[in-house]
Structures are given as structure tokens and as C-alpha cells.
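These are the structures in question, set out in turn.
Two complexes are shown next, each including chain A; its partner changes from chain B in the first to chain C in the second.
Our next item is the complex of A and B:
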């Protein structure tokens, strides 16, 4: 999967036609063979753009930033990124008429060690769902697979699970990188940042991380697209996908196979209801 | 000596921690204004006895309950949480409890995954006429939480040194 040349051509053409002011893509980091996001405003710089299986980050996060807001923007999206972009469009965070979307039929990206990412192995929508131009051969939708880690966790006992997650939450340093890297977290003021919250009482404990991460993941439930920007940004390498995938699994199994961001105009599982939703857990 | 011969009060999530013998559970009750709060009022006016461990908070609708409230309660003081709203179809705001129902299921399953017993957080539909049902529900929740013991998992007070 190498679309570097096509993306350079497209960006140069769009700049020449005046369709965009800014292009958001990937470039080589300069230190190793990893890639970093780049925001290009100068048409001469389009030669730095690349796109290979190392293009891991979700670029839709940059469409909410000041340097792209209210400008005509071109952006490269993979399957999962396009789903988060779909949600951002529905939630009026990004304007469709100011966007030129280069969709990619993604074959999966790799982590630092060169292994295919877990979310790519379980990916059910590899092609971009919203695009102006498509690169690569579309593969079509695949079946939803329940995350292997969630299935494994379900076999463990109550106390064992509690200990496992206590250790995870203990290692959280509350840097909020997960929140800042999340394309769907855009509230100007976040409820987990209140002065009364545990963030400001000087503790990095499993308790404060439990409060922050659980609230965060439940506020993203039904919207998380499993792009794993949060995990890539986490300095403590916490398996944050466990929280999101659990929510995704419960929502998929109980609420008419709902998957976030797949359909245009869909605001997420918690913005609609059905009379047939499960009720047996309520007294 | 007598205290040792009795059954010790052990937290189910953290069996190594033993509670003092005079431990009493604290349960946060979040009730919707139009049905459950009126129902609890009826329980009071009809002089039905129910356990005093519940601390009731009134909200406009069960869909006002953010999962954050539940997490915050479990993290700070509560040993259990009860959330109650109108029966499906009876919501004062037409469909609020249908939205709430979806959120409750996801919250409950996630809390179960991170190590809480499923009886820590319970939900009920209580209408304004069901004063007796409200007393039963509070009794059941209190009995369940007494069986589970005090909640120590992720508690803030564990770290107040």
C-alpha cells in the first residue's frame, strides 16, 4: 500500500486549481521510518507528502484546529478516519463544502514493530465511507468481529478483572493525551477537568484515572470509531481500547448492530432509541 | 471475641479488606421528578417503612443521568447506586427514558468489566402510584449491597493519606 505519488499529484493539482488553502497529510518523521502528520500551506511543499502502511494517525483531529478552521482543506482519510469525519460532519464541527476528502481503500496499518495493528486485523470497514476521490481498490464491508481481548477478559473472574484494571488505571499519569488526540473530543470545557475533580487534588491514583477514563469512554460510547489515536498517543501504553471496544460490543449486540459513523447523518447510538431495546436488567 | 465469631463484613471486590462491624451501606438514589420521586413521596406519606441508607437526589428525567454521575458516586462515597425513572411509555418528556435505557445498559456492562459486581448499580422503573414497589426496590438494593460489603475498588478515600 503506497499512494505517496498519487497524493502528491492530487495535492499539487488542488493547490493549482485553488480548491484548497491547506492540505493535511503525512510526512516522514525525519528520525526514523515512522510518519508524522503535516499541515501544508505552501504548494511547493507537496513533495514531502507520503502515504504507506506506516500512516497510522487519524488526521481528522487536525480539522478542528485553528490552522485549518474556516479554510478550504484537503485531507487524506482511511476507513476508520472517514467514519470519525462522518461524525464530525454530522455534529457540525467541520463543513463539508470546505473539505476535499481523499479517501483510501486501506489495507491496514502497522505499529512500530512492523506488525499489523490489532484494530486493522478486526477492521470491518476498510474503505473510506465519505470521500471526493478514492485511491485503491474498494474491498467492501466485512463482518463485525468481537475484540479478542474483550472475549478473553470475559472469561476472567470479578476480582481478577478488578485487579487487572486497577493496575491499568494506576499507570495512568493523567496527561490527557488520549483526550487531546481523540478526533471526537472537542468540548471546549471537559467535565472531567472541573476543579472539584480529582485531577486537581494532586493525585495520580487508580481512583482519579478510573473517574477520568471511564467518564471519557462512556461519553464516547456509540461514537468511538476505533482509530486508536488515544492508544498511539498514550505515554504509558495503556490498553485504552478495552473500554471502547467493550462499549462498542454491547452497543452492536443490543442496539440493532449499530456501528459508529458508518451511515451519513447518524449521530451515534445514544441519540436514537428503539422500543425493543433490552429492558430485562431494570427492576 | 464475639465480633470474630460473627461473619466478617468483607468487600466482594477486595476480599482482603474487612469493614468495621458497625458498617452501614450508603446508597445513592437518583430519581426522576415525575414518577419515581412522586412514588417515593407516596411511600413516605403512606408510612411504608424502607431502609434509611438511601440518599435521594431528584433529577428532571432519568435521561438527565449522565454515566458520569454513577462513576462519581462510586468513586467518592456510595457503596451502591439506584437509578429510577418512569415506566417505558410514561415519560413526562415522551421518550427520555428510552434514551436513558440505552445508556444504562452500556454503563452497567462497562462497570461489570472493570470489576464491579452487577448489583452495585441497579435500575428500576417506579411510577408515581407505586409507593409499595419503591419500598421493595430500596429494600432489595440495600440487602444486595449489604451482602456485597463495602466498596473499596477505585475509592478516592483509599488515597487520602
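Our next item is the complex of A and C:
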């Protein structure tokens, strides 16, 4: 999977035609074979762009930033990234007519050690679902697979699971990097930033971390697209995907196989009403 | 004043560590989720004093906790009363094993700000009651640049005891402070003292030279200090910070960042006031009650962060606030290194 040349050509063409002011892509880190995001405003810099299986970070996070807001932006998206973009479009955070989306039929990305990432092995939407131009051969939708870690956790007892999650909350240092790196967190004032709240209060006590992480994960329930930006940002290497994947499983099973951002105009499981929604908790 | 040097080997060092753990309250890097953090240990098996630098959190939270209680308050019809809290983090005499040189230097740098203006007696007491064992690395990591900064990594006196790997499996145990000297004299066999024998000193020097040669990143800090102080209005800050996602990780894991926020945990009429980490990269950091924010743009926050590390602190206290550990670059989800940022700014054209 190497679309570096195509992406360079596309970016150069878009700048030349005046279709974009900014291009968001990847470049080599310069010190190892990993890649870092790059925000290009100068057409001469398009030669630094690359795209391989090392292009990990979800770039739709940058569409909310100062230098891309209200500008014409070109962006590269993989399957998962395009799902978060779909949600940002429905939630009116970005405008479709200001975007030029380069979609990629993704074959899966790898981590620092060169192993294919877990979310890519379980990926069910490898191709970009919203795009102006598609690179690579589309592979079509695959079957939904329940996350392997969730399946494994479900075999353990309640107390053992509780202890495992307690360890996660104890090791959280409350830097909120997970939230800031999440493409779908854009609230102007997040409730977990409250410093006078008894629940969140900004300290790194286990209870404060519990409330902050749970609130965050419930706000993303039915919206998380499993891009794992949060895990990349976490300085304590916490397995944050467990919180989201469990929600995803419950929603898939209870809300007519809902998967976030797969269809254009998707509003997220909790933002639409259907007569088929489960109501057995009421009666 | 010169301090003693002892020589031992891997088995001898393990025995020393085990003796320390059984006698004193000991903290050492403990692995969890692939990352090492300093925790209280009861046996050597639980911890790894040789943890890799890239995977180890800073030792700073043992001196400046991520959250600490600063006071309790209670209101009733008679008024409000304020009382001291028992802080769980206040020190008892303790030993910390496996501290990295850069991390120990970070504590030394922080002493300046903690002794200035408001004297943070808690921080100073914790440092005074602690014996720090620090091992010199054998090889630099991708993002390390400690040898390029304004401290002598070879003869650093920020720790109490320094460990150096010599040739042929020898390990040199050097006291670097009076506290360390006394501690070693109690716990080590005097037979193994090498004094200042030439072969041992040459061996230690050779290890340092091999270590210093392994660095990918090198810079002239005096040049960077001087150039950055003239480039406050440089557009280079905007260019360098463009792909930052403002996640604040860099400040939370930095061994020298010391900004904090105050928060109250209040139930009815009683409450506890906490002091917890904050980050200048956070958009709310400078937000005023009236709604005005003097640093609304990302590049302004980055300018504050890099100028504080390399200009403001240097002007006030005479040392760089950055110790070159590279933790910020390792933890950054988009691999922005403060090294790249300051060098990019320093090499940008001077605005007239």
C-alpha cells in the first residue's frame, strides 16, 4: 500500500487549480520510518507527502483546528477516518463543500513495531465511505467482528474485571490527551474540565479518572469509529479501546446493527429514534 | 569535596538493592500496560531499575504529586475554618532506584523555582528526605539530547548515588552527595572502595565517551538561547506548532513542567482543595474569568512553552528548564519534539 506519488500529484493539482488552501496529509518523521501528520499551506511543500501502511493518525482531528476552520481543505482519509468525517459532517462541524476528500482503500496500518494494528485486523469498513477521489481497489464491506479483548474479558468474573478496570483508572494521569486527540471530541467546554465538580474536579484520583473516562466513553458511544488516536496519545499506554469497543458491541446488538458513521448522514445511535429500539428496560 | 567510588558486579548490585528494599521505604519503576511508573516496592522482582528510558515516566510525581491536598475547609454558622490536611505524599525517608540522569537533573532545576518567591517547603522536604540512585544510560534513545544542554552529564551532582556500567561486567557505585556518601558507607562493604584509582576512573570516562557518541541529536544551547530570545515574534512558532493537537501530554510527563491548577472537591459545607497538574498548551490555561484569553492561538501557547524552557527560566535562574530527556517527543501522538521546535525557531530569519 503506497499511494505517495498519487497523493503528491493530487495535492499539487488542487493547489494549482485553487480548489484548496490547506492540505492535511502525512510526511516521514525524519528520524525513523514512522510518519507524522503535516498541514501544508505552501504548494511547494507537497513533495513531502507520503502514504503507506505507516500512515496511522486519524487526520480528521485537524479539521477542527484554527488553520483549517472556514478554509478550503484537502484531506487524506482511510476507512475509519472517513467514518469519523461522516459524523463530523452530520454534526455540522465541517462543511462538505469546503472539503476535498482523498479516500483510500486501506489495507490496514501497522504500529511502531511493524505489527498490523488490532483495529485493522477487525476492520469491517476498509474503504473510505465518503470521498471525492478514491485511491486503490475497493474491498467492500466485511462482517462485524466483536473485539478479541472484549471477548476475552467477558470470560472473566465480575470481580476480576473490576480489578482490571480499577488498574486502568489508577494509572490514568488525567492529562486528557485521549479527548484532545479524538476526532469526534469538539465541545467548546467539555464537562470533564470542570474544576469545581465533585465528579471530575481535575485531580488524578482514581474516582475522578473513572468519572472522566466513563463520561467521555459514553459520550462517544455509538459514535466512536475505533481509529485509536486516543491510545496513541495516552502517555500511560492505557487500553482505552476496551471502553469504546464494549459500547460498540452493546449498540450493535441492541440498535439494529448500528455501526457509527458507515452511512452518509448517520446521526449516531442515540441521536435517532426508531420503533425497533429496545424498550424492555421500561416495561 | 570528593566522594567515594565503589566497584561491584551485577550480583553485588542486586544484593545491595535487595538490602535497601528490605530496610528502607523504596520506590522503583514498575511496569503496567507496557509503561514504567515509580511505585513503592516490597521486592526487587516487582520492579526493573534498568527500565528503558523511552518507556519510563518521570520521577517528578514523587516530589510534586499529580494531585495533592493543600487544605481542608468547613463552613458553619460561626464562619469558615481552614485546616491542614494530612498529605499522603509527604515524605518519610525513602530511597528511589532506577532514576535516569536527566530526570534527576529535572529535580535539581526545579529546586530553583521552588526556593524562589514562595518557598515550596513540601517539595524541598521531599527532596531532602530522599536518596536517589541514578544509573547513567549506556546508549542514547532516538529523542535524547541531554549532553547538548547546560549541565555536566558526566559529573552530575543532582542525584545522591550514581551507577556506571564499566567494562567486563563491573559496575561502579559513586556517591555524588554527602547524603549518598553516608548511605553507601552504611550499606556497602568498604573492601570494594576504589578511591580514585586511575584504571577505574579511566573506565568510567570511557563509558561516558561511548555514551556521548551515541547521540543522534546535538545542538549548541547557548546559540539557541541567544537566538530564541530575539525571535519572540517569529512566524516560525506557527509553522512548528501547526500539527500539534493540543493534547497536553508533553506537559504532564515533562520532568520539569511545574504549572498547576487549584480545584475544590466540595460536599455540602466541607471541602478539600487540591493542587493538580496543568498545562500551558491547554486553551483554558490562560482563560480569564471575564472571558478574555491572552493566548487563544495554538502557536502562542507553543511559544510560551518553548520560550519558558529555553529563555525565560534561563534569564531568571541561569539554567535551561529543558533537560533533554525527550519524553515529550516520545509521548506526543504526532511526534513533535521540543528539540525540533526550538531549532526551527532559532534558525528562522530575524524579523526587523
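We take it that the second predicted complex is superposed on the first by the 270 of 283 C-alpha atoms of A that agree within 3 Å, B and C clash if a C-alpha of one lies under 4 Å from a C-alpha of the other, contacts with A are read in each partner's own complex, and residues count from 1 in each chain.
The rule is short, and it goes like this: a contact is a pair of C-beta atoms (placed from the backbone, for glycine too) under 8 Å apart; a residue touches a chain by one contact, two chains touch by 3 or more.
What you see is a predicted model, and the numbers here were worked out from it, not measured in a lab.
J.: Per the contact definition in the header, classify A:205: touching chain B only (first), chain C only (second), both, or neither.
T.: After superposition on chain A, A:205 lies in contact with both partners, chain B and chain C.
J.: I'd like to know which partner A:57 touches here: chain B for first, chain C for second, both or neither.
T.: second
J.: Going by the contact rule set out at the top, does A:251 touch chain B (first), chain C (second), both, or neither?
T.: first
J.: State whether A:243 touches chain B only (first), chain C only (second), both chains, or neither.
T.: first
J.: Please work out whether A:167 is in contact with chain B alone, chain C alone, both, or neither, and reply first, second, both or neither.
T.: second
J.: Touch check for A:265: first (chain B), second (chain C), both, or neither?
T.: The answer is neither, since A:265 touches no partner chain.
J.: What is the contact status of A:215 with respect to chain B (first) and chain C (second): first, second, both, or neither?
T.: A:215 contacts chain B only, not chain C.
J.: Which partner chains sit in contact with A:34 here, chain B, chain C, both or neither? Use first/second/both/neither.
T.: Touch partner of A:34: chain C, not chain B.
J.: Give one of first, second, both or neither to describe whether A:279 is in contact with chain B, with chain C, with both, or with none.
T.: first
J.: Which residues of chain A are in contact with chain B in one complex and with chain C in the other?
T.: 198, 203, 205
J.: Quick one: which bits of chain C touch chain A in the complex? Just the residue numbers, please.
T.: 32-35, 37, 57, 66-67, 142-143, 216, 242-243, 245-249, 251-253, 261-267, 274, 276-279, 284, 297-298, 331, 333-336
J.: Quick check: in the complex, which residue numbers of chain B touch chain A?
T.: So the residues of chain B in touch with chain A come to 12-15, 66-68, 71-72, 75, 88, 95, 98-99, 101-111, 113-117, 122-125, 137, 140, 153-156, 158-159.
J.: Within their complex, state which residues of chain A touch chain C.
T.: It comes out as residues 29, 31-32, 34, 36-39, 57, 61-62, 65-67, 167-168, 171, 173-177, 180-181, 193, 195-196, 198, 201-205, 229, 232-239.
J.: Residue numbers of chain A touching chain B in their complex, please.
T.: Contact set of chain A toward chain B: 150, 153-154, 158-159, 161-166, 169, 191-192, 198, 203, 205-208, 210-211, 214-215, 217-219, 221-222, 242-243, 246-247, 250-251, 254-255, 269-271, 273-275, 277-279, 281-283.
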